[in-house]
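Pasting the structures here.
Shared between the two complexes below is chain A, which pairs with chain B and chain C, respectively.
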Partner chain A sequence: MDFAALGLTLRLAMLTTLCLLVLATPLAAFIARRDALVARLLQATVALPLVLPPTVLGFYLLVTLGPATLFGRALIHLLGHPLAFTFTGLVVGSIVFSLPFAVLPLLLGFQSVDPVLTGTAAVLGASPLTVFHRITLPLARTSFLTAAVLTFAHTVGEFGVVLMIGGDIPGITRTLSISIFDQVQELNYAAANRTSLLLIAGSFLALLALYARRSSRRNSDA
Partner chain B sequence: MPDILLPHHELTAEATLGPLHLHASLTLSAPWTVIFGPSGSGKSSLLLAACGLIPEAKVDFLGFSTDGSHTQLEKLATHRRALGYAPQHAALFPHLSAEDNIRFPSQVCESPSKNSDMIKNVLALFNLGGLADRMPARLSGGERRRVALARAFTVPNCRLMLLDEPFTGLDRKLRDDLLPAMQAWLAVRKIPVLSVTHDVDEALLLGADVIRIEDGRVLAQGPAAEVLATERERLLQTLS
Partner chain C sequence: MTPKVLHIAAAADLQPVMPTLTEAYERESGIKLIVSFGSSATLTQQITNGDPQDVFLSADMAHPQMLADAKLTDGTPVSYATGKLVLWARNDSPAQPLSIASLTNARVMRIAVANDAHAPYGLAATQVLTSLGILAKVKAKLVVGENIAQTSQLAESGNAQAGLISLTLANSAHFRSLGSFIPIPDTAYNPLHQGAVVLRSSSQKQLAHDFLRWLTSEPVQNGLHNLGLEPAK
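Take a look at the complex of A and B:
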């Protein structure tokens, strides 16, 4: 077992999940509140990583963050080094790659809050921000758990983007999924098997916890 | 007969909502005005238009002060219109207890007060003392309705009370007890009411000004006994 890769993967997944929950909440709230074309365009853009090959995403991230673009040059100037092939670069890539897994559950949660409730709260004197934090957030709270678990699990499992912008640097950008790839290439099937089983068990338990909680909630509501 | 009353609010709303073409103008001058009409005639939509909750509607909503000045309420954001509102299906906040629902308006307003006497009075008015800690899912339909009414009554500095079918689901005895108590409470605070009903009995009992609407248009307005004369006759015939 590559423990350095395990630690790095958990750190990456945790950071990505935290950043994404902060970013995705206002984004999902914006999309949920509006029927305008802007919101639909934004929603389609957010969902794009679901259908794009990770290599496409990784390629453009690599180009964007590198010296080929104005943005990349400004970033390099600011940091003193390129973002690609660093842990921070991985976090940025993971945030883009896992964006739909955070935004879409939150969007679903916000949209499932009855507009009659939010409307009534507004008439009774609550400003839009107060309505959001007193009514929408508490009623959509389970979707935060869903978003967190899915983002975390998906970040642990990503491969293409991580390989493209992270390379395969032990202790810096080598995650578990890449370590499996290396182990297979070295024909070390036993090690690949152990790492894979760990990922299967972890992902299964995360999903089980999510669905068990959801069904117990449904039973207690009934 | 009461003196000639000056209007306190004027509401004009125009909108096409599915099959309904709403095009109605109301002048409210009585302490209690009832919009009477069949289901789907646009009664609830008029209240929603007053609240600013129908974005596609063209609405003019004037509020008159006692000094004769007026405010264009349609230009204010929904939460600044100082309206009490009890919607049709109670719409209690499911994650808050009955008491927290009732406290909500006084907590979210721009200058929150800790006036717990007012909450206590409203709980007593609607006979909800024993239910304060209950969650909405554990309340009966009639109890939910009363909590929704109580919640509307705690809006600070309320200028107009909008009640959508306020007594649906309450038994008659309870309604007949509650009505005079509510009217007295509102009279002391000089808060006028615009309510919606399809119940002739209720409109007559309130002794209110009645606006009869059908297919989104105002057909008649006046004292209940006049506007609802035919319904009243029919009701009396059925009884005798």
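Take a look at the complex of A and C:
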């Protein structure tokens, strides 16, 4: 069992989830409040990582943000090093890669809030921020759990981006999925099997907890 | 009638070499070669698990021998080329002007090497750093590619300031236009004898053996030098 990879993967998933909840909340709220073209364009952009191969993202992170371009050189000057081969690089990659898994559940949650409630509050003089804070957020709170669990699990399962920009450095960029890949390549099936079973069990439990909570809510609502 | 087709699993160092070889072979024999690339370990792994290839061109002798030991081959591996390791860097890299001392240059923060458990050129790189006595010193700088083609890409994009890559890639027009390389002394690593083998699962073993005979024939062997390989020994 590669414990360094396990610790690294959990750290990456936790940090990505935290960053994404902070970023995704205003983004989802903005998209939910508007029917305009801008909101649809944003929604489509946010959902892109769902359908694009991770290699597209890996390619851009490596080449466009690398020293071969002007933008990449400016970024490297700012950071002191390229994003590739660093934990920060993996966090940036993971945030983009898991963006739809955070934004889309939140968007669904915000959209399911009855507009009569928010409308009434607004008529009664509540500011948009108060409406969001006092009505939308509490009513959509389970979407935050869904967004967090899906983002976390999806980040743990990330492979292509990490393979392309990570450089397989133990303790820094060798995540569980890379560790399994290495073990399979080395024909070390027993080790690959142990790590894989752990991932399957962990992911299954996370999803089970999510769905069990949902169905118990539905039953108590009925 | 559709043209005859051979499926070749080729080590990643052959990526810039195979287009020339396939074109020449197709012209001479009328047989089309369809090539899949990967690290020698990945390809061995895939073939072991039923990847339907006719011929395996490895970057070492060990991986085809593993397949032979597992009775997955038709005959024993033959050496078809000798690979060379070089130190490559972009022209705008702080590793320039290149020398062996570039490896320990403080401004060279990242050195790309291939995974020494998957890729023969990665194993050679580890041997070089060990025989130079600088492995411990540069260990923290190493970034690892899954195969030699990906490794060279890490240096090509400039994310790594230098890379220990195959001469086949360093010698290609693209890499020549972007950077330069210096050879690594032969004495610093075990010779990269590259082995080829026909696979037992192939339904056209005769055609596959014909291709290997062509590949190891004198005219083809003499042309390898221009492609960044040396003849088999």
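Observations
Criterion: the second predicted complex is superposed on the first by the 222 of 222 C-alpha atoms of A that agree within 3 Å, B and C clash if a C-alpha of one lies under 4 Å from a C-alpha of the other, contacts with A are read in each partner's own complex, and residues count from 1 in each chain.
As a convention for this text, a contact is a pair of C-beta atoms (placed from the backbone, for glycine too) under 8 Å apart; a residue touches a chain by one contact, two chains touch by 3 or more.
Small disclaimer: the values here were computed from a predicted structure and weren't measured.
When the shared chain is aligned, no partner comes close enough to touch A:47: not chain B, not chain C.
Shared-chain residue A:168: touches chain C; no touch with chain B. When the two structures are aligned on the shared chain, A:23 is found in touch with neither chain B nor chain C. Shared-chain residue A:108: touches no atom of chain B or chain C.
Of the two partner chains, neither chain B nor chain C is touched by A:198. In the superposition on chain A, contact of A:63 is made with chain C only, not with chain B. In the superposed pair of complexes, A:187 makes contact with chain C only, with no contact to chain B.
In the overlay built on the shared chain, the residue A:126 is in contact with chain B alone; chain C does not reach it.
In the superposed model, A:14 lies in contact with neither chain B nor chain C. Annotation: chain A has no residue touching chain B in one complex and chain C in the other.
Against chain C, in their complex, chain A makes its touches with residues 62-63, 66-68, 81-82, 84-85, 163-165, 167-169, 181-182, 184-187.
Within the complex formed with chain A, the chain B residues making contact are 48, 51, 53, 77-79, 81-85, 87, 89, 91, 93-95, 104-105, 108-110, 137, 151-152, 155-156, 162. Residues of chain A touching chain B in their complex: 114, 116-117, 119-128, 130-131, 134-135, 138-139, 221. On the chain C side of its complex with chain A, the touching residues are 39, 41-42, 44-45, 48, 92, 109-110, 112, 115, 117-118, 142-146, 150, 153-154, 157-160.
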